[in-house]
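In what follows, subunit A forms one complex with subunit B and a second complex with subunit C.
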Partner chain A sequence: MLVAFLKIESTWVLTGFLILLCFLFWVAKKFENLGETTNRHFTEHRIFAVVFGLMLAFVIPFFFRANPYAIHILIMSGLATIMSLGLNLQIAGAGLPNLGFGAFYGIGAYTSALLSVHYGIPFFACIVAGGGMAVLLSFFSGILVLRTTHAYFALITMSLGMIFYLLVVNLEWTGGPNGIANIPPPSVGGFALTSPLPLMGTELPMQTNFFYLLLVFMMGTFLIFSRLHQSRFGLNLNSIREDELAASCFGIDHVRAKLSCYCLSSFFAGIAGVFYAHFVSFIHPSNFSIHLSFVTLSMVILGGMNNLLGVTLGAVALTLIPEKFRAFQDYRLVLYAAVVIFMLLFRPKGLLPEKVRRYRRKVNEVW
Partner chain B sequence: MDFLFQQLINALMTSAIYALTASGFSLYFGVLKVLNIAHGDTCTIGIFIAMTLNSLALFSGIYQILSPGLTILLILVISVALTGFAGVLTQISCIKPLRDAPTLVVLLVTVGLAIGIPEGIRLIYPQGSNPHTFPTILSTNGVHWAGVPIRYDNLLIILTGIFLFILLHLFLTKTRVGMQIRAMAQDREAALMMGVNLNLLYSFTFFLGAVLGAISGITYGIYYTIVRFDIGFMNGLKGFSASIVGGLGNIYGAVLGGLIFGFAETFAVALIPHGSAFKDVISFLVIVIFLVFRPTGILGHRIYERV
Partner chain C sequence: MLELIDVSTSYGHVGILRRVNLRIDDGKIVSLLGGNGAGKTTTLKAILGIVKAREGKIRFEETDIQNWQTNRIIQLGMSVVPEGRRLFLEMTVLDNLHMGGMRVKGEKELKERLRKVFEIFPNLENQLRQYAGTLSGGEQAMVAIGRGLIGNPKILLLDEPSLGLAPILVEEFFKAIKRINDEGTTVFLIEQNARKALSISTTGYVLQKGQIVVQGSREELFESDLIKKAYLRN
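Right after this comes the complex of A and B.
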């Protein structure tokens, strides 16, 4: 279905396809049993589902040999997924509305760009450096900022995001308004990732290398976030979201929990930023303004609060749809704003609601 | 001495602009407990409606029929009123349905509006992405006072600010609706029990806030004369920070915050070398510092959470 979506060129067929998708979604909601059965199937045969999904993902680039831009879009949506998963942990997990999330993406991107352009540090060391820098800065800003609550936190993170953007634009050693160019691509064992990949007898375009690398990252991210959600840490965060005072009465160290959540999400944002810098090999301050934070926010809100699959869906949908409707490129931000407003007015839980945690494996099915 | 005096005039002007926006924010938060981040966009809407009306007036030749002064006054009044109605529209569609929702949801909706409205303006207005010149209302003459030239525009802005605040104060203290607004800000449930009409008050507060925002935007346009579609966002953020500095929910705090902010910004730009690039950074740093160490502002009361 994804392949079909990407292959469609004309706008009218695309609109029809989207309407068909909405209709299917509505039908699926009508037949609750169908949703339940598929859900149960997926959970029971989870390993099989994951392997199957991975095989599908592996095969996707083979469809787009002639169209590397489609793979480019898929990579961008993957990066958006990593960002949205991080923001999801903060907003929907811990109740911290972080409107400055794009700043950590930018910190990771700029750190790795500066390191690799000026000092020639290889890619995998840059990942550690970029992520580490994001964690460091989020640690220090978190100590300052995490004492504030909901609306004030949103405002203060928005201010921090804007401070980052303004500093990066105005300072000389971050390249100023010209950005940083010619960031060297990563190389695995002497094989630079910007050369086309010969696999299974066909030459795949160079974006495929990045695509597979990103798949590895995404798997790791998804695994970490789902384990976090299921664990005690996720429970602590949810209780802090509900009522911080009551949570601290139960013995949850809310300072430590919030700080850990904040730094962890920033780590993933930093990693995504590093990947972005080396993929596009040119970064510019305008990529990391508040619009990026807002776009990530809209993905989380659309997809579903605290539902990992929903957030992935939201991220992929909100990256692919504006790209395909290229004729309406100007209306991108209006689209994101409209998505946020409509979802919050009519369905604040998002498309896929928060999943109930399962703690006991059902050995005997009664029915 | 001249330099100081010039900077003083600049500081007074910027603080007038920020204080106008800030009082709108304080009004929203104090009365309705809504942090309306989209308030800065009322400034943009006001500016662009004024520019549209101005072009319309020039095109239809009304300037020849009525005197220029009267036309300008009419344009200003109509654009301010229309922005007020735009505020009411926003309130009806987006804020009122979410009256019982958690504050986080309302905040995110206002953030959505804050991003969506400038984009909408950019798309609707012809050549919206380019900067536009705000029509000069007065000539660029000025008076000389103590050896420093003061332009008429500057005087107008400062006088407008002072006049509006006196008007606002009189409105809030002497009229019946003002009393209702103050009652809602003090104790919401008691005010409701006293028969304050909540729907009407929601609409009216948004109308008033939008009017204040529009006036702030127009004074911004008169001062800077170059307007873009997204200045409202920065203006709104700075106004927001000014109201936080002064204490949210408190109109006089908003004025105080606007003054502090305007002075801090102007003197920081004047005294720090290459300061103008970092003007905004300083504003945001002030927000961060105040929010971390004294979130209730200078004139606000410390809010203690009851368990």
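Right after this comes the complex of A and C.
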């Protein structure tokens, strides 16, 4: 179905598809348990789902041999997933409504672009540098900003996002309004990722290289966020989200916990930014405006607060749908706003609800 | 074990506690009584470091803790059941109980502590996967106390645990608190229900307008005119 969706070109069919989606949504609302059931299935058949998913992902580029742009879109949705997972930890995990998250994506992208264009630093070192810079800047901004809560925090982070945009647009050494061009592609052992990939008898377009590399990143990201959610750290963050004072009454240093969460998520945003810069080889300030933060926010809200799979779905959906609906190009922003409003009105928990925390066997076997 | 020495606090210029002296010995149950607005919860907040003591010392087992951060104070071995429970409503009961277990290392010990809690509150065992917000008031109170107990604290601080509970449940709770104390935990109980609180306490203090006006053993307090008139009138 996904493959078919990506191949559709006609506007009318797309509109019909959209209506179908709304209908499905209405059905889902009727059956409240759908989310819980989906969660349960994915938990029980976890290993199968992962293996199957990986096999599917491996095979996808073969389908799109003739249509590299489709792979491009999938890569963008993968990057969006990494971003959304990071933002999810902040919003849904710790209750920090961060509206300036796109800035860290931009920090990663710009750091890496500048380093590789001006100093020829290789890709994998750039990843560390970009991620590291994002962590550094998030640490310092976090110390200032994490004193505020809720609406004030949202406002302040939003302005941080805007500050970043204004800085990169106006400063000379960031390329200003011209952006940075000719960012060299990564190369693995001499094989530059911009050359086509010969695999299993056919030549796959060069996007495939990035696709597979991204898959590796995504698996790592998923693993880390999944472990975090199940861990003591995730539990502490949830309690801070609920009631900060009560959390400190149970021994949690909420300052340190919030700062860790903030910096960790920013690291992933930075990495995604680095990947993006080397993938499209040209970055421009308009990629990193406040728009990006809002889009990521809507992905998290759509997908399901604190549910990794849901957030992934949200990210993929909100990347694919606007791409296919290029006919409605002008209304893209309306789409995002509509999604957020719609979700908050009718299904605030998102597509998939939060998973009940698993405890390992020792506790589970009795209860 | 826990001592407040000449503690005074204020919110801005408004004095709340004035030279409060309290002493909680090992293994005892000590009650702090008083009407609304007397400063009972502020006393608890001062102990926990949520409100800073302007003057005076707070000493827990030989350590001066009056300027410490809340989470460090807790890690010394205190557990608190705050006023109004303050459960984490969007988390499950098991998660809430787990939250109290900062000092619990490893799932095996967690299981042991959970067992201990279930001995006192057997009903909780069936509700582990429920969201705390869906429980009734009495059940929430049980979770709150369970959450305090899980960490095997040296001292358990309770702020009006019987608030808003049906009278039958209140009876159960005070029995449970007595039982917790019998098993070795020191208890500091802040209550408005003077009769019930005194019935299980060893010593008590009465706070009025931020000052201790009466203190003594249970018997002394029962005899005191002030208590009789103000709190025990039938």
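Note that the second predicted complex is superposed on the first by the 328 of 367 C-alpha atoms of A that agree within 3 Å, B and C clash if a C-alpha of one lies under 4 Å from a C-alpha of the other, contacts with A are read in each partner's own complex, and residues count from 1 in each chain.
Operating definition for what follows: a residue touches a chain if its C-beta (ideal position, glycine included) is under 8 Å from a C-beta of that chain, and two chains touch if they have at least 3 such contacts.
Note that this is a predicted model, so its numbers are computed, not measured.
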item	value
When subunit B and subunit C are modelled together on subunit A, clash or fit	fit
Apex subunit A: angle to the C-alpha centres of subunit B and subunit C, given in degrees as a multiple of 10	80
First (subunit B), second (subunit C), both or neither touched by A:Phe250	second
First, second, both or neither for A:Val340, with subunit B first and subunit C second	first
Subunit B versus subunit C as contact partner of A:Leu155, first or second or both or neither	first
First, second, both or neither for A:Asn238, with subunit B first and subunit C second	second
If touched residues of subunit A are counted for subunit B and for subunit C, the larger one	B
First (subunit B), second (subunit C), both or neither touched by A:His118	neither
First (subunit B), second (subunit C), both or neither touched by A:Tyr331	first
Which superposed partner A:Leu99 touches (first subunit B, second subunit C, both, neither)	first
Minimum C-alpha separation between subunit B and subunit C after superposing on chain A, in Å	8
Overlap of the subunit B and subunit C footprints on subunit A, listed as residue numbers	245
For the subunit C and subunit A complex, residues of the former touching the latter	48, 50, 69-71, 74-75, 80, 82, 86-92, 94-95, 98-100, 102-103, 107-108, 110-111, 114, 125, 128-129, 147, 151
Contacting residues of subunit A [partner subunit C, same complex]	235-236, 238-239, 241-243, 245-254, 356-357, 359-360, 362-363, 366-367
Touch list for subunit A against partner subunit B, complex	95, 97, 99, 144-145, 147-148, 150-152, 154-156, 158-160, 162-163, 166-167, 170, 245, 291, 294, 297-298, 301, 330-331, 333-334, 336-338, 340-341, 344-345, 348
Subunit B residues touching subunit A - in the complex, by the definition given at the top	35, 37, 94, 97-98, 101, 103-105, 107-109, 111-113, 115-117, 119-120, 123, 237, 240-241, 244, 277-278, 280-281, 284-285, 287-288, 291-292, 295, 305, 307
